[in-house]
Structures are given as C-alpha cells and as structure tokens.
Amino acid sequence: MFYLESFHVKTTKEEILDITRNVGEIVSKSGAKNGLAVVYTPHTTASVIINENEKGLVEDIRETLAKIVPRSAGYKHDRIDNNAHSHIKAVIVGNSRVIPLFDKKLALGTWEHIFLTDFDPPRTRTVNVLIFGEL
Amino acid sequence: MFYLESFHVKTTKEEILDITRNVGEIVSKSGAKNGLAVVYTPHTTASVIINENEKGLVEDIRETLAKIVPRSAGYKHDRIDNNAHSHIKAVIVGNSRVIPLFDKKLALGTWEHIFLTDFDPPRTRTVNVLIFGEL
Amino acid sequence: MFYLESFHVKTTKEEILDITRNVGEIVSKSGAKNGLAVVYTPHTTASVIINENEKGLVEDIRETLAKIVPRSAGYKHDRIDNNAHSHIKAVIVGNSRVIPLFDKKLALGTWEHIFLTDFDPPRTRTVNVLIFGEL
C-alpha cells in the first residue's frame, strides 16, 4: 500500500521545528504495519533532519550551520534573492529523510526526533509524507 | 511495481548538471502513478542534489563546498589518488536523493530541480533511477 | 515483500566501520531480487555513509568532519552532555542511506562500500536494514 499526506508549518524565524508528532499521526492513519516513511519538504531553502530534541543542541545545530555556510559571503545568487546561504545549507543537509516503520510505528531510536529546519523564514512550509508498507 | 533504468552523463569540469528531465522521462516510461523515485549515482566522488536551477546559485554551491572541503589540505588519500576532497564532499552531500511521485510525475516543488554534481571531472557518470509504485 | 533485520557493532574509538558484508548478508537472506535496501542507524551521534574503503581516505573523512564541526566550540548542549559536535556531524551527514538492489545484490558501484561512522564512541550501535522488493 501507498499513502500520501501533506501538512504545513508556519515559521517565524530560522528555527528547527519538531514534526515527529505530525509524521506519527500520518503513519497511524495510513494503517501500515511494516514499511517505510519518506518525509520530504519540497522547498530549496529548508531541510528535514533527525536528531535529539534538546533546546541547547537545536541552537547549536543552527549556529554551526551558520558558521559553515555564512550569510553574505559574496554569493552570486544574492544579487537576485538574498538567500544563497539558505539554499546551500539545504543542499548539504538534504530535503528529506527516510524512516523504517515497525508494528505501525516510526522506528525511531530513543533520542530521535524529526525536525523541519527553515533556513529562510518566515514562510509556510509544506511537508509531504509518503508511506509504503504492508497492512 | 519496480522499474529500473540508468543513464549516463559526461562531465568536462567540476559541474552541477540538471538531470531533472532525464529522471522525469524514466518516471513516465515506468508507468508508475504514485510511488517513489530513488536517484542514485554509484560513484564515490559524485553526488545527487535537489535545489534551484539558477546559474549564480549553482556556482555558489560549488564554491562553498570547495571552501568547506579545500583541495590539497594534506589528505592521506592524496598520496594514492589526488582527489580526497572530492570523496569527502560526496560523503557530506550524499550519493542519492528520494523523490515522491504523484499522478505519474515527480512531486518536486516549484523551484526544485535534480542535479548530478561531479566533484572529480572529467568523467562519464552513471545515474541509476529506481521507481517503486502502483500503476 | 518487506524484510527487516538489525545487527549491532561495537566501537572503541571514533571510527568508520565497513558494514558492507553485514548488509549484503541481510539482502541475501531476504531473498529480494530487485528492490531497495534502507540502511538506518537509530542514533543521534552516528551516521551511515557510502564511499571508498581506503585506509587513508577514511582518516581524511574523519579528520575533515572534525575540522568542519570542531569539538568544544562553546556548544550549549555541552553543558548537559559533552558531545554536541557528534550530534551536529550526524545531522549534516545523515543517519541513513538507500541502495538499489539488482539481481539479488546491492547495486553498489566498483568503489562503493557502506560504513557506520560513530562520532561518540565507545558504544554499541544498532543498524536496521529494511529490504523492499520483489522475489
């Protein structure tokens, strides 16, 4: 079986939003017992990541990515749209993650949460969740 | 259903080549209505990325990756084969992307294009496209 | 068909362990002819990567990631648990890879090997391998 559902999140600043519950609800609705969830954000300045939801760590992630890909480093794309750094972060981190499903649940590890990272806020972001599996 | 097809691209310099059309044609041939495409390059010095096709941005991506992983930084692998930087970029960015399919099409966002990035040109690169789905 | 199996590896230092054989054995047991393998580590300070197994290169990868995300850079998370750098590397590299299967084998390129990278050793790490395919 295939099941596809989308949801939207509003961002106000460069934030890393926990979307684990949103994805989990879609897994439940799908009825899939075992399979795979693809969590995909169809934007070029946002990413999906999996890591621990600890407030300080989430800030560390954001700040370290900002050091690795600094804002306003003479990017050519900034002549058109002042957000090259946001695009480059999204390329490095990637715009999707895949997660196995076991026994009707996301098979996340103890500390794993799923996040949407918006590198170019404020925006309304779409997250597409595609479920493959056996009922 | 499963459908698998490969194509090849020739690179002349360190470039980021738009392969959206090549992947889209394989999706059409597969006949899949809903499902998933895996776009996978079986090389250790190339990657698959998804982002906007704006000429300046594509150069920014290439140049920023070259700053993050500089050429000739005393790498041990360079004693064997002078391309350690190319391998490390491929590790960071990853050698595949997954894309949902809806209604017989790649479910890409408005600005999303699929690219092959060759970090060690010139070469002929293979791209494997695996389609899963329901007809 | 779906097939799921896990294995565990023990790490003693910050190492990049070749798990290609472990994954290949699970592919064989699954009986899948064509399909997809998802190799997923359910930890927040470890990653799965695909690249060449050359001893010097593996050290270059580890050392370059350590330069990009330095240890002890004043991370907030280090007040709680002294491993923010490990989490951030895992976010950048990602905790899974997908690999097509052809003719009952992992469709890896000539130089491609699958590795578990532990950024916060020593630990016992789980690797979940999910196989989708047709028999």
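Couple of notes before you dig in:
Read from first to last, the chains carry the letters A, B and C; within each, the first residue is number 1.
As a working rule, a residue touches a chain if its C-beta (ideal position, glycine included) is under 8 Å from a C-beta of that chain, and two chains touch if they have at least 3 such contacts.
Since this is a predicted model, take the numbers as computed values, not measurements.
Two copies of one chain, chain A and chain C, form a contact in which under half of the residue numbers belong to both partners. Think of chain A turning onto chain B: fitted on CA atoms, that turn is 120 degrees, to the nearest 5. Rounded to a whole number, the gap between the C-alpha centres of chain A and chain C is 20 angstrom. Chain contacts: chain A has residues 68, 92, 94, 98, 132 touching two or more partner chains. Within the complex, the chain C residues that touch chain A are 2, 4, 38, 40, 42-44, 68-69, 73, 75-77, 79-80, 84, 87-88, 90-92, 94-96, 98, 126, 128, 130, 132.
The touching residues of chain C, when paired with chain B in their complex, are 34-36, 49-52, 54-57, 59-61, 64-65, 68, 92-94, 97-100, 102, 107-112, 132-134.
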